[in-house]
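The two complexes that follow have chain A in common; it is paired with chain B in the first and with chain C in the second.
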Partner chain A sequence: MKINNYIFVKDISLKKNSLKNNRNFIAGSIIVVFMMIFMLVGMIASPYDPTAIDSSAKFQGMSLAHWFGCDNFGRDILSRVMEGTYATFKVAFGTVIIGTLFGIIVGALTGYYGGLIDEILMRINDSIFAFPSILLALLFISLLGAGTYQVTLALGIAFIPSFARIVRAEFLKAKNMDYVKVAKLMGASDFRIIFIHILPNTYTVLLSSIMIGFNNAVLAEASMSFLGIGVQPPDPSLGRMLSEAQIYLAKAPNYALFPGVAIILLILGFSLMADGIGRD
Partner chain B sequence: MKFVIKKFVTMVITIIMVTLFVFIAFNLISGDAAISSLGTQATPERIESLRNELGLNDPVLVQYGRWAINFLKGDMGISYSYRMPVSTMIMDKVPVTLTMALIAFVLMLIFSIPVGIYTSKHEDGWIDRSIIIINQILMAIPPFFSGILITFLFGRLLKLFTPGGYISYDKNIFGFIGYMFFPALAIALPKATMAVKMLRSSVLKEAKLDYVRTAYSKGNSTNEVFYHHVLKNAMLPVITFFGMTLTDMIAGSIIVEQVFSVPGLGRILLTSISNRDYPVVMAIIVIISVMVLLINMLVDILYSVLDPRISIEDK
Partner chain C sequence: MEDKKLILKVTDLNIEFHDHLIPETVVFDFDLDLYEGEIVGLVGESGSGKSMSAMAIAGLLDRKHMNKRGSIDYDGIDLLNCKRDKLRTIQGNDIGIIFQEPLTSLNPVYRIYDQVEEPLRIHTSLTKEERYEKVLKALKDVELDDPELVMKQYPHELSGGMRQRVMIATAMIMEPKILIADEPTTALDVTIQAQIVKVLKKLNKEHGTAIIFISHDLSLVEKLCERVLVMKSGYIVESGLTKDIFNNPKEEYTKKLISAIPRIDFD
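Moving on, here comes the complex of A and B:
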């Protein structure tokens, strides 16, 4: 019966839908803002030095002094999760910047001009796009070496094709619209049409793909540092903490729990925000 | 048929492009093989003669062709750090990774299709709402963390398997599959939740279209409309997604293998990356790439069989 209702009360169901999406967006923003504050507190007033080793506090459980407990070196887990969130965010931010910037340039030029270059670039793009980004990032890591900057660059490159694809589709659509034709008649340069006229009009699509980009970048960064090829020790990172915590799972489950929850909250926040923007 | 041939040709071209890129990239970073095997003290004449012998003076494309033919014959070079043929190192690892990805794929199908159908049929009921919230949270759990949770829950608390106690498939095939179930579950979970979400929104989108009203007005019951009309169309984008996840699962197994200490392709890839053992890294990347491209082609073909509009549009 539900499907039946759907047809005849189309308008009501649409309204209900957008309200629900806003709720997604609000929930997502709250989570992301919470994580930002958490991260900032860690930067300004971290309760302990995240790399300070205190052998007397090894595997201390959760207490008032150490809210999240201590790890195998007696380092404060709360401080490390804060610092690790910052590290994850830094890489995710860099990745999204590289991915969007080059994605916009490639997508805008190919979508706007079309022709042979478009054909060639899109063929290359499609074949890269077909690859799981983890594999692509691993390929670049094996060429560039491990480390924070290398991972940022590798993930950024791996993210370009998906952005380029989305931007290109938007430009293809916009290219034949009236406002673009008018702008052309008024003698606007191609550069102006691309960046001042068309680009701002793609913002909903861009914004939601940036959010999805953040979501994927956080996941990818955490995976990379989990594999030990991202942020290098002793600097804390959420993924690496998880891979270390895995050994002491029976002894100190809290060691694995908190970095894991931090990753989940980051991903959940960004994906909810993307949902909210995307389906307006 | 024309469509299939076209897809096949595109795939072969893509494989050549990708492997050529990988070949050139690895040749650039791994340096001169003649110098590295003779040492920097060797006389220029000796290096030159070895370069000739190894064919390093030939044009890149000739070298690539030689490498590709050898690769197809099963000669993938010699590992730097283990001094043994790469093919013997990795060939018995391929089935391990593939089995894991396949079990994960089946688990995803078993979970996502019924749940997706249920939630979309009972849209906005309280069960649907709670499933969606749980779904959204499960989607945000990265496979390596769900792997850790699964190890803790099923391994340590319920003692359904021994964490780290991998059983090889040539020793005990059932033990192997039983052990692989858990890493596969970790890989399947986020993908299955995504599929539920996609299937649900796809069904709801289809249900708004005009043909659904027509089907109703012809006197079909809700179930008839749902299973004969709506679901068939709604499954199309989901099938594309399934195809993409299979390739993602093969790549995702690289990470989950670490959690469950499964000696598959991923493990050996990571140790080889940190050892800078380029022949091994290159071989594994090429093998996984070819698998990915092959799966993509099969999905495209399957898709055109299910939705004939695709192959007509493509012509």
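Moving on, here comes the complex of A and C:
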């Protein structure tokens, strides 16, 4: 009897603050916070200028002066990884903001109103969705030109359809709920119903898909920079560093290792957080 | 009844669905005269068109895939065919609604206070303090035990009966002329049903709100309503004063419905 009671109490406490007790979420947030601090240190007090070339330090290994070593131009890898993480984060963040914002608008309109507007917007959505997002981003890059802002915009547009679909599904579910009818009967405007009554109810799904979207954006940015159409040299970017490092993989493995680890940590952190929220 | 004012007149309401290949009519020639301060019961089995008629009166029917004929005259305005913004000023202000399932009729992400306050925020320009007073009074009116505590809670923290009371408070806060109660007691157990019905009756007396009480529970209808409309597969098969219908049912269907009542007394 006592054992039963104990289990019961434990269950309740787990339910009450599930996020606080969620190991995935905690681990994820620790990694994310660590990466944020890493990035901020790079912005405020970068040990070296990430673009400064020092020919005497070419391919220098890991040392106290250069913790992560130096690259083929003698640039400090630690500073470059810091700066590159920031660049990647910036692009991923912008991508997610564009994708979520327009995704929510498109998803809310199509899901809530249905009918003709739904048909038109969702068919456009489908046609965008049919292309792989990287391919689509490549297409936009070829139209807009390469560079940080172009990549952000291109990826952002490529990410709209997936967000729109998720939001649309949630709105389809919610719009027939009684509380929406009640709100309608209260005389609430469509705008108020969409953004104040329904949207907050989609937060669990939306939040985890934002996290997953962020991961995809990090990967996509890294791939674009790897292909040389993302952040332009000499500005550092994780993907670009990886692509440069592969030539010197045998000579300077640390050159490829650290940008790679930075990408892994960024993605791992947000994935774990998304998992934690989704399981909540 | 003649001395009372007619507030709602529904004539020849037909509702037809067009979302399948063959159009399907769910309500035929629905007529209803609602007088100020009376309680009208709308009874019938599931699928008989009770809720559809009520939704039409509340103006909550979809505008697509549907054909509606007839008129719903409220204060000289045809609710069935009027402009959407005109409808909006009447909705909430003059017509309130309570649904069957109190679990889904409250928004899970907001506190009770915000939800009860919502109509005031939309329709009035009262100050924060005045709104608070009104919400508190509305929650007291529906006989919630600790309104100050309930205000700060979320819907999932309340029991079914409490949620339904909150719904009634929300519907009644603008002191509407008409309250549509769409099977408000179906999801509740018998003792709570009796309490909810008592609250409805009290509000009807105090505020003079006319109530359209939809139910398939005839014992409740018999206690609560002055007049009854009996519906079957879209038609009104019988209507009249409650005592006449219950003592002397004319239609075979009404007789069957009445004989199906399990007798309980709650006053």
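Throughout what follows, the second predicted complex is superposed on the first by the 259 of 280 C-alpha atoms of A that agree within 3 Å, B and C clash if a C-alpha of one lies under 4 Å from a C-alpha of the other, contacts with A are read in each partner's own complex, and residues count from 1 in each chain.
Everything that follows uses one rule, which is that contacts are C-beta pairs under 8 Å (C-beta built on N, C-alpha and C of every residue); 3 or more make two chains touch, one makes a residue touch a chain.
Note that the coordinates shown come from a computational prediction; the quantities given were computed from them, not determined experimentally.
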Q: State whether A:Y179 touches chain B only (first), chain C only (second), both chains, or neither.
A: second
Q: Counting touched residues of chain A, say whether chain B or chain C comes out ahead.
A: B
Q) So, does A:G114 touch the first partner chain B, the second partner chain C, both, or neither? A) second
Q. Between chain B (first) and chain C (second), which does A:F131 come into contact with in this model arrangement: first, second, both, or neither?
A. first
Q) Which residues of chain A touch chain C in the complex? A) 114-115, 177-179, 181-189, 192, 197, 200-201, 203
(Q) Quick check: in the complex, which residue numbers of chain B touch chain A? (A) 14, 17-18, 22, 25-26, 29, 121-124, 136-137, 139-142, 144-145, 148-149, 151-152, 156, 163, 204, 207-208, 212-213, 216, 222, 225-226, 230, 247-248, 250-252, 254-255, 258-259, 269-270, 273-274, 278, 281, 285, 288-289, 292-293, 296
**Q.** Residues of chain A that touch chain B when the two form their complex
**A.** 1-4, 6-7, 10, 124, 127, 130-132, 134-135, 138-139, 141-143, 146, 219, 222-223, 226-229, 239, 242-243, 245-246, 249-250, 253, 256, 260, 263-265, 267-268, 271-272
Q: Flag every residue of chain C that touches chain A in the complex, lowest number first.
A: 58-60, 64, 88-89, 91-93, 95-97, 99, 101, 104-110, 118-119, 122-123, 167, 170
